[in-house]
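Next come two complexes built around chain A: one with chain B, the other with chain C.
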Partner chain A sequence: MTQNLLNVSELEISFKTESGTVTAVAGVSFALQQGETLGIVGESGCGKSVTSLSLMRLLPNPPGRISGGRIELNGRNLLELSEREMRDVRGNAISMIFQEPMTSLNPVFTIGRQIDEAILLHKSVSKREARALTIEILKKVGIPRPEQIAKDYPHQLSGGMRQRVMIAMALVCEPQLLIADEPTTALDVTIQAQILDLMDRLKRETGTSILLITHDLGVVAEMCDRVLVMYAGQVVEEASAEALFAEPKHPYTVGLLNSIPHADRKADRLPSIAGSVPSLTEMPNGCRFAPRCPVAIAKCHQQNPALVQVTEQHKARCWLAQEGGEARV
Partner chain B sequence: MLVYIGRRLVGMVPILLVVAVVIFMFLHLIPGDPARLIAGTEASLQDVENVRQSLGLDLPIWKQFWLFFSRAIQGDFGMSYRTHQPVFAMISERFWPTLELAFWSMIWAIVAGLALGVVAATRRGKWADNLAMFGSVTGISMPSFWLGLLLIELFAVQLGWLPSGGSGGFKYVILPAITLGSGVAAVIARFTRNSLLETLREDYVRTARAKGARERVVVWSHALRNALIPVVTMTGLQFGFLLGGSVVVEAVFTWPGMGRLLIDAVNFRDYPVIQAEMLLFALEFMVINMVVDVLYAVLNPQIRLDR
Partner chain C sequence: MSQTQVPVGTASVSKKASVDSPWRRFIRRFRRQRLGMVALGVVALLLLLMAIGPAISPFDPTEPDYDAVMEVPSAKHWFGTDDFGRDIFSRVLNGTRISLAVGLCSVFGGALIGMFFGLTAGYYGGKYDGLVMRACDVLFAFPGILLAIAIIAILGPGLPNVVIAVAVFSVPIFIRIVRGETLALKNKTYIEAARATGLRDREIIWRHLFPGTISVVLVYLTMRIGSAILIAASLSFLGMGAQPPTPEWGAMLSSGRDYLTTAPHVAMFPGLAILVTCLGFNLLGDALRDALDRKLTD
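Moving on to the complex of A and B:
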């Protein structure tokens, strides 16, 4: 068996709030192979962004804290590294792009200087060589006139261009893992497609693995090999992308899929999932989705099911799916 | 940039004119008769009237203003009533010590204020933050003459390290500069702390950390550079107040600056000296404001001055 690039096991993240400590992410485990694209899907507040930040150990602390579990990159537990060792990982072995290209670049430094910095932090090259690498990577992410753009400030670029710059900055040190947290959410639809294409192309060229955090199932369908569906801080379903779309096992996933609008099926109302995500301080005793679940049975309200293998390519956290029952609504 | 500075300089002329009119009016509105003060308490009414005539104070006020104005634009601010020296020479002699004191006060205020502000912001809620903010409140609320006396007592009288007053080399400026600058340092510290706490929450700070930059670089380069933009504006205004507000500190440390000159001038209703000093203060404020605006543009690439 090939070694996984990334192994996350039983990750637990808690937050200190005024009403005590709450667990935002409870026992999340997943693995990522070299060259694979894994999507993490879920509503806002389900813990997906927090999970991604914690992989870089960039969770703002306080109030957030990784309170349990392991994050192994090439077999090395990142949670045991010193801050100095961790700095060598950030931007080098793992790098990250964020949702907001408009605010993620420093407004007072030129584009070139910001990418140069990433290079100089991890490679022993001169400033002149760094700038040459910067211009090369800008060209690679499809920035026209890279020599000129390198001298520009972020406010002189459009959102799509800035996200290209962010991708360039993330990829310039050839990371093994790229974490993309809602990379296209803030962009126009046409630009979204361009950015996704760019990420896909660069992944193929460099063999970088991608962890794609999104709430957009369309993006998942286009990009991902495997998908993790998160709900209220837990993984509720894990499957290959084809299996997930063809045969969702968890009622929550079914609900998500049903709420995608289709141009060919004109409905009066878009189906939605009734109710809202439970707050972290008032987690239900049983299955966390049970209060909103249209097919919940008595057992669902009493006991939270475990994430178990239901078919070869599929794991789900649902009593009905485990009993071979039909999760379809 | 140069065009902008030129435009701003030209724009100062009408403002100075308005300031001159206002100062002139107010001076003649406040009670106290310079002619009587010059002639002395024993002088006869006739003597006082003679003095008044010789100073031109018997003329209609618009004529007095015209005389003052037409000379002033040629650089002639008249003679002091008190010392009978040219005002221009008196002020230029006193201007440099005051500027020197203000300059070192500002250096102290910026260095101490920024350091305290950064320490407080990066250790938010910890004892270092509390201590820095306690020091800052103390600095703002402590009257400068008292701080000055305490410093003299400690460093001049008890320890004997520094002179208690007068002027000479650099060691003479240390205590007055700390006294004058501490209030401003306290304000800068608070501003820097709050501004930095805000910028430390920005997305680009997270980006810098995600690159693998060390925390020191994240704070001092990425965050502070942005946090300074509002701090610069405030600091510029404070510098203006420093120039004017050095009156008390100059008295405590017997510093030969404009502050003391102004006190004497006001006591003696020395109109020419007061007018010239006030105009100079106004001019300083305008120059400082311009420098602040230019600095602002240097710090913030989104601001273009040439448009």
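Moving on to the complex of A and C:
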């Protein structure tokens, strides 16, 4: 097994609120290999965006704080770096694409100037060379007439084009890891497919690893090698993409998969998961999913299961899966 | 394995013709406002007079002429003469430089300091922000003119001190508006994206937040110049600013006050000059605000 590019272990993130300190992410661990795409799936508020921000150490502090764990990039613990060393990692070794392409670019500068800035920050090149690189990367992400578009302002571009520009900006310094936080959520379906194709192609060309944060299982199926399912600040299931879709082990994952419409299955009404995510201040004692779980047993309400290996490619945080029980609803 | 590049976004080609840069858009929206254009003309004329006023003034503004005391406006003395026989037109002309210099220096000084504290307080937040804002509250607690008088009382009368006094009470206003803008801007994704590319705080503030606050600052700056000139004139009127025989409008107004019933022109022309100048800057500020307002669309 090759050395992991990224190793996150027992990451814990807490927030100070008026009603005391809450733990938004509790003991999340995962690893990412060179050239691999890892998806993090979960509904709003499950801690996936916070996790991705903490990898860059960009968590708004206060109120947020990384209260425990390690984040290792190439064996170097990012949590121990000074702010100056961390700035060198940001945009250089790790880049990020945000959900909102409409607001991710500064409206008062031209596209070209913003990409130039990212280049000049991390590479010792002249302004002229930076602009040449900018044009080249814009061409690479499929922007037509890159010389002219570089002189345009963000409001002159469509959402899909802006997201391409964001991708260009993120990849221009050839990062080892690209964090994409819901990169396609704000786009039309057809544009979504184009952007995903683009990311996939660039990943294969550059060997960049991608951490894809999404709540769209369709995106996961298309893009990811492995998937992490998060619920209420914890990883509830980790598996290869095929294994997850073929044989989900956690009832929450099952619920998520059931709530996707299928082309070949006729249903009047899509099933949904009853109830809602528990508030961070009132976490249940047992399994965090137990109150909503259709197959919960008595033990589930008393003790929170650990994330354990159930098959070679599969980890789940569920008593039933551990006991070889049937998670299917 | 490489795929052929499929050019996308051809829609932007057709859009190209109608969309233009923020600067051109601003010019177009500004030119549409007739009053704003007039105000711009007035301000431009004032700036011109500030530059060439002393050179074109027909008489020495401080030279008394006891043969022509308190003359009414005539072909020789367009605005008449004052109690020392000095040509009021020349004095008003020369006063333009003084009033505008005081107004511009104090407001630019105040704006610079205000922007620094506003940007840093808004960006860093926390205790520093609290401290800056409470300091502003203290300054806000005093009426502007009273604060200026207090500062003059400490520093002593004179034009340079008037500049300082007016600057000091402009500072909290700029701090507040710039901080407000900064708070709104810093939560935008592009600021987060800038941090994600590894920019340091200083660069984010200077390159990304500062340009975003310019439009509001510009509007207030223009409007403040009018009121700064008014306050400076008021201080001179009260004898705390320019000292005689300096041809400062407020001081001229003050000395003309005694002859209001017998020779109203002595006080009227400097008064009109103050009025036109303040009005010019305020209307220009209004027009700038309308032209720069992001909420209004064409």
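Note that the second predicted complex is superposed on the first by the 328 of 329 C-alpha atoms of A that agree within 3 Å, B and C clash if a C-alpha of one lies under 4 Å from a C-alpha of the other, contacts with A are read in each partner's own complex, and residues count from 1 in each chain.
Here is the rule we go by: a residue touches a chain if its C-beta (ideal position, glycine included) is under 8 Å from a C-beta of that chain, and two chains touch if they have at least 3 such contacts.
Since the structure is predicted, the reported quantities are computational estimates derived from the model, not experimental observations.
S.K.: Is the arrangement of chain B and chain C around the shared chain A a clash or a fit after superposition?
M.R.: By the criteria stated at the top, chain C and chain B clash after superposition.
S.K.: Looking at the overlay, what does A:V89 touch: chain B (first), chain C (second), both, or neither?
M.R.: In the superposed model, A:V89 contacts both chain B and chain C.
S.K.: Just to be sure I read the superposition right, which of the two partners does A:H155 touch: chain B = first, chain C = second, or both, or neither?
M.R.: Both partners.
S.K.: Quick one: is A:Q302 in contact with chain B, with chain C, with both, or with neither? Answer first, second, both or neither.
M.R.: A:Q302: touches no partner chain.
S.K.: By the touch definition at the top of the document, which applies to A:E100: first (chain B), second (chain C), both, or neither?
M.R.: Both: A:E100 reaches chain B and chain C.
S.K.: Under the stated touch criterion, which partner chain does A:R204 make contact with: chain B (first), chain C (second), both, or neither?
M.R.: second
S.K.: Looking at chain A, which partner touches more of its residues: chain C or chain B?
M.R.: C
S.K.: A:Q194 in the overlay: touching chain B, chain C, both, or neither? Say first, second, both or neither.
M.R.: Only chain C; A:Q194 stays clear of chain B.
S.K.: Is there a shared patch on chain A that both chain B and chain C touch, and which residues make it up?
M.R.: Comparing the two interfaces on chain A, one with chain B and one with chain C, the shared residues are 56, 58, 87-92, 95-96, 98, 100, 103-109, 117-118, 121-122, 153, 155, 166, 169.
S.K.: Chain C touches which residues of chain A in the complex?
M.R.: Within the complex, chain A touches chain C at residues 56, 58, 62, 87-92, 95-96, 98-100, 103-109, 117-118, 121-122, 139, 142-145, 149, 152-153, 155-158, 160-161, 164, 166, 169, 194, 201, 204-205.
S.K.: In the complex formed with chain A, which residues of chain C make contact?
M.R.: 1-3, 5-13, 15-16, 19, 21-22, 126, 188-190, 192-200, 207-208, 211-212
S.K.: For chain A, which residues count as touching chain B in their complex?
M.R.: 56, 58, 83, 87-92, 95-96, 98, 100, 103-109, 117-118, 121-122, 153, 155, 166, 169
S.K.: Tell me, which parts of chain B touch chain A in their complex?
M.R.: Chain B residues touching chain A: 202-204, 206-215, 222, 225-226, 299-302.
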